[in-house]
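Shared between the two complexes below is subunit A, which pairs with subunit B and subunit C, respectively.
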Partner chain A sequence: MTSLLPQTAPPRLQAGDHGAYRPLSPLKKRARRIDRILTYVPLALFLIFTLVPFYWMLLFAFRPTGSTSLVPWPITFEHFETVWNGSGFGIYFKNSLFVAVMSLLTSTVVALLGGYALARFKFRGKTFFLVAMLCTQFVPGAMMLIPLFEIFNGVGLTNSLWSLIISDTVFHLPLSLILMSGFIRNVPVELEEAAWVDGCTRIQAFRLVVLPLLKPGIVAVGSFAFISAWNNFLFAIMFISSQDQFTVPVGLSYLLGEFGADFGALAAGGVIAIIPVVLLFAYVQKFLVQGLSAGAVKG
Partner chain B sequence: MTVITPNRPGRLTRPKANARLRRFYPYFLIGPAAILTLVFLVYPVGSVFYYSLQNSNVTQPWNDGFAGMDNFVALSQDPLFWRSLIFTLQWVAVEVGLQFIFGLALALLINKTFVGRAIARSLVFSPWAVSGILTTTIWILIYNPSTGVGRYLADIGIGEYGVSLLSGSGTTFWAVVLAEMWKGIPFFAILILADLQSVSLELYESAEVDGAGTWRKFLSITWPHIRQAVVVAGLLRAVWEFNNVDLLYTLTGGGPAGATTTLPLYVAQTAIHDRDFGYGSALTVVAFLILTFFSLVYLRITKSKEDDK
Partner chain C sequence: MMRKNKGPSLAKTRSSGPALAVAFLLAGVLGLTACGSGSGAEKSAEDSGPVTLELWDTDTRPERTENLKKLISMFEEKNPSIKVNYLGLPTDSYMQKISTAIATKATPDIITPKASDISALVAQKALAPLDEKFQSGGWNDKISPAMTQSSKAAAPDGKLYLTPATSLADVIYYRSDFYKNAGLSAPTSWDDFYGAADKMTDKSAGKFGYTLRGGNGFFSQFVEMVYPQAGVDKFFREDGTSTLDDPAVIAAAQDYVDLYGKDTAESDLTADFKTMVAQFGAGGAAMLSHSIGSYPTHVTALGADKVAAVAPFPSKSGKSVLTGRMTTGFAMFEASKHKEAAWKFLEYTMSTEGNSFWAQKSGYLPGNLEVAKEAWVTDNPAMQTSIKAVENKDAVVLEQPFYLPEFNSITTTEMLPEWQRVLQGQLSVKDFLTQSAMKLTKAQQKYMKK
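Right after this comes the complex of A and B.
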């Protein structure tokens, strides 16, 4: 999108930087030093506030039971052994992965179809559809527990991972759709038109021209869907009752239930739950700012 | 937005394609999304109104049947309901207010140029992706009286040993607020940062030439530019804090003695523990009405925003 624009603004020139080639007066030097302190000190505080909780979990997960050391040394994997085999996190991890991957696939396909319609067509009811989608974002998960339970109960899907896949997909759909239509809109329509002229059908043009350019968007939308399905707790605790179908968040809530029992195991369970999310987040983080500024917030 | 290419569908019509079919094309495409939403979102929301007029308790199936307004009468006499309503307001106001202040500060900081900016950005944003239950896990480890952070602070003379912040009546609220802020500040920061990045740097430069200081620049350039994004972010966050029950459900369970129960949390507990679907649905209807009000305000604001452009 930005590549279409003439680059008027120089890349990230910060106010105050443009005098860098002139010798600075002592007053300016001092002002700059103060500015630096006012940047780094609060930033360091924010970083501490953000990172210490993560560190605290790692600390408990990797240090032996009974140790009060502030570094996880000697490092131990006994807690992971305990939760993975003893508490069944091996099974929960597999279930969570299945739910998250299937939600990712269904969300991406549905969002690709709908997003293409929103980005490339004008049609009657489009605004209504968009507004309805935005409104559904306001419906709380807690509110859906009872009616969705009744539906899944009626079709025999309670205690099935598919109940989670469906509800996670539906809940995440508005965000997926809006993000995806934004990404599709950024692919110049001329490229598609050129392909039509060369004899492609709309579907061929989409597959051969748009899809390859859409890769980052698909990865971003898919990752968000994955993260939200992986993290979902409320639906899982309502719809799933047998232990062999538990997901990681439900497993964690049962560890939490045994209060004060084993903080090491709890922390290890937390680390297992966080790994896929952190890996994906590191990748999609940059799309978050772009995506939100492109579509989700500015409407 | 900054798209130069106008969106001109149908400018080049493919001659072979059937015109009638083409007209329905977009409806085929949004079909799956629309059907999923109708069946699993719109219909369920509607059915809540039906259930709210029924006696429907999984643990007492012999009582099931039409109840009229019984659930709503019971609700109006339920002290926990009224308390949850007040706590919900308090919770949303405090969380959104504090997250806004710190989120704005964080966004302004991270929008500056400095060494290691990309890494710092990923790091401070990371709690956004952490689930409510994982936030609980982390903060349970921090708050626990025997091996939590409090113990180490007491070691160096700050505070006392064995204090359980999560069960003291005065401290529970702030303990939960802090945990939720940890997860919520990045959301505000991300939304505000997205908007900050579209402020033209030339504006700042010319303001500087005119002798404007940092504060002046913020008030006259930055704030007017991001004000509407802030309002929208605040509203979205308010709805989110209202809706989200994972953290409170697992961190305090709504306690001590119902002191940290929000309305949606009360709904979740009625559904999950008590399995009283009739009463739970009546509570849901009330939550729904409150949210409808929020949605109307949101739509109003986003609409007036579009009109401005």
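Right after this comes the complex of A and C.
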């Protein structure tokens, strides 16, 4: 199938646009330097403010117990061994990964289907539905704990990771739906119409034409779903009553006791907990920014 | 030119929306029901084999979990027909889980509540009273009467809900190596304490004489440092009025508050226990007030040779007031389907074998009188300090009013921001204590009317 996208390249600057090199006057040079200082100094301060807690975490995670050195040297992996084997982080990590990946998949699939319906169809109560979706965002998860527990208990899903997947998906769905419908609305409907003319069914047109253009949206919605499920502490502690079904956030809270805190193990647990999120962001950040800005401006 | 979709050409008006929504809901419910064959809780109740008990621990830490699991396996060895399933709950959010479990009738059999939780749990009729079992089992003679009394005092109805298996006590920890370097001997009076805090403060080096709890949980440290100094041994007078506004308490509180910023770090304004321990362990503070329960943590961080402990000192009038004598034990839920088996476990934690293991590993004072004579108790300086303090015939134990349902909220949520204002000099100590006393008085008088 030929590409349906208009082939428009970003406008290139012409050679003469910049004009010939003109030396700046000392006054302008000075103004530019001040500009740079005013830009970079606050940025640097902000960066330090942001990175110090991370450095603290890495320092404690890789520094031997009892050391007061400001650099993690001699480096040790004892804390990682403690949390992974001793505190059961191996199991928690596996559980968290399962919950987060499943929540990502279910959220994205349902958001794609629901978002398509919201973007492309007119139906009675659509506005009410959207407002209701928005309203659900104002209800804190803690308020729904008892009814949710009753429901999951009734259907035998307490102590099951599926209770977390379902609740995470459901709580995340309104935002996902609204975001996704915005992304789909931004894809010109004429592209689909052209595909239909070429003989595609609606599903084929969606799969072959719309879906590839939704990559940034899928990444944005999927990342939010993954991160929200990965970090969810409340549902994990409430719906699970079996040690081998807990997730990483619960495991982290175990390292803070009433009469003691193993900061090395806590930091190592923190490092383990952020690895998937950091890797995910490293991979998807370009799509994420693109996706969010597209959804934000035109949604 | 392509136009953004407004949808007129494609858009279809669907009137079957409600029908679809109902179908979707039904499908969802059916789907969930299909997944729901056999609830774990129901299954365990129906088991005809060995009894399985569910135990929830409210202070989960790796080493405590390991010890509690060991205690469980020791019990299971002695009672092969009883299996105990352990579940650790985070120490800062366990109450939410328990409240949900009570509301949804999904409570376990055994729990390890704090004395301060008993009132709320009894108000919900969640715990089973243990008085009869305790008496018929002959535990009155085997367990410390003071701990039994303290445990009963935590309940609004004066019944025993929490086994007096172990207990905590407040001590003042100090860095013995710092004291030695400063040429000081162990403190024996409040004057010694304040003098040492001043002498060991070197702000330029980031070293402070004391670390003050300005953040979450401040009230326990406040009581530990103020009431013994004031020589006041009761929270309420006969008429139910709070002693927080007692002139001696106000004067002692002023001394305590004056430490802030002078002999403590400014950041202590928001310091909770974890921050205090980190500061003490890193050498940033020479003294710390806390329970004997944290002794193993300090020894792990610093080594036994660098940590020493003293009990809070007598007041100037010579009166010795002991604080923080909080029972830490096990309780049974009223809804437990296996009360006899659960009681067997509770008994085991008070028996010589179980109590010795559990108290030693936890760093708690043992409730069993025989265990209290064992070498590990007599050799532990923090415990000896606490035991000797109790042996003093003139010493009076200050019981905190955990039986008041409002006590926790008053001393945490309501008093904390005001306390921080006091430390910042925005509110006087006298005003703070007078206002707080009024709240506690109201709660106590309401309780007395009942």
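The rule we apply is simple: the second predicted complex is superposed on the first by the 248 of 299 C-alpha atoms of A that agree within 3 Å, B and C clash if a C-alpha of one lies under 4 Å from a C-alpha of the other, contacts with A are read in each partner's own complex, and residues count from 1 in each chain.
Rule of thumb we're sticking to: contacts are C-beta pairs under 8 Å (C-beta built on N, C-alpha and C of every residue); 3 or more make two chains touch, one makes a residue touch a chain.
Predicted, not measured: the structure shown is a model, and the values here were computed from it.
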Subunit B versus subunit C as contact partner of A:Gly156, first or second or both or neither: second
Subunit B versus subunit C as contact partner of A:Ala282, first or second or both or neither: first
Which superposed partner A:Ala265 touches (first subunit B, second subunit C, both, neither): second
Comparison of subunit B and subunit C by subunit A residues contacted: B
First, second, both or neither for A:Leu43, with subunit B first and subunit C second: first
Touching partner for A:Val189 - first (subunit B), second (subunit C), both, neither: both
First (subunit B), second (subunit C), both or neither touched by A:Pro74: neither
Which superposed partner A:Gly86 touches (first subunit B, second subunit C, both, neither): second
Set of subunit A residues, in rising order, touched by both subunit B and subunit C: 68, 119-123, 142, 145-146, 149-151, 166, 185-186, 188-190, 193, 233, 237-238, 253, 255-256, 260, 263, 298
Subunit B-facing residues of subunit A, complex: 1-2, 4-5, 9-10, 12-18, 35, 39-40, 42-43, 46-47, 49-54, 56-57, 60, 68, 70, 109-111, 113-114, 116-123, 126, 129, 131-151, 166-167, 169-171, 173, 177, 185-186, 188-190, 193, 196-197, 201-202, 227, 230-234, 237-238, 249, 252-253, 255-256, 260, 263, 266-267, 269-270, 273-274, 277-278, 280-282, 285, 288-290, 292-294, 297-299
Partner subunit A, residues of subunit C touching it in the complex: 2-5, 7, 9-15, 17-18, 32-33, 35-41, 54, 59-66, 85-93, 96-97, 100, 103-104, 106, 108, 273-274, 277-278, 282-283, 290-291, 293-294, 296-297, 300-302, 363
Sites on subunit A touched by subunit C in the complex: 6, 65-66, 68, 82, 86-87, 119-125, 142, 145-146, 149-151, 153-159, 162, 166, 185-193, 233, 237-238, 241-243, 250, 253-263, 265, 298
Residue ranges of subunit B in contact with subunit A within the complex: 1-5, 7-9, 11-12, 14, 17, 25-34, 36-37, 39-45, 47-48, 51, 105-106, 109-110, 112-114, 120-134, 136-142, 144, 146-147, 149, 151-152, 182, 190-191, 193-195, 197-198, 200-202, 204-205, 208, 214, 217, 229, 232-233, 236, 239, 242-246, 249-250, 264-265, 267-268, 271-272, 277, 280-281, 284, 287-288, 291, 294-295, 298-299, 302, 305-306
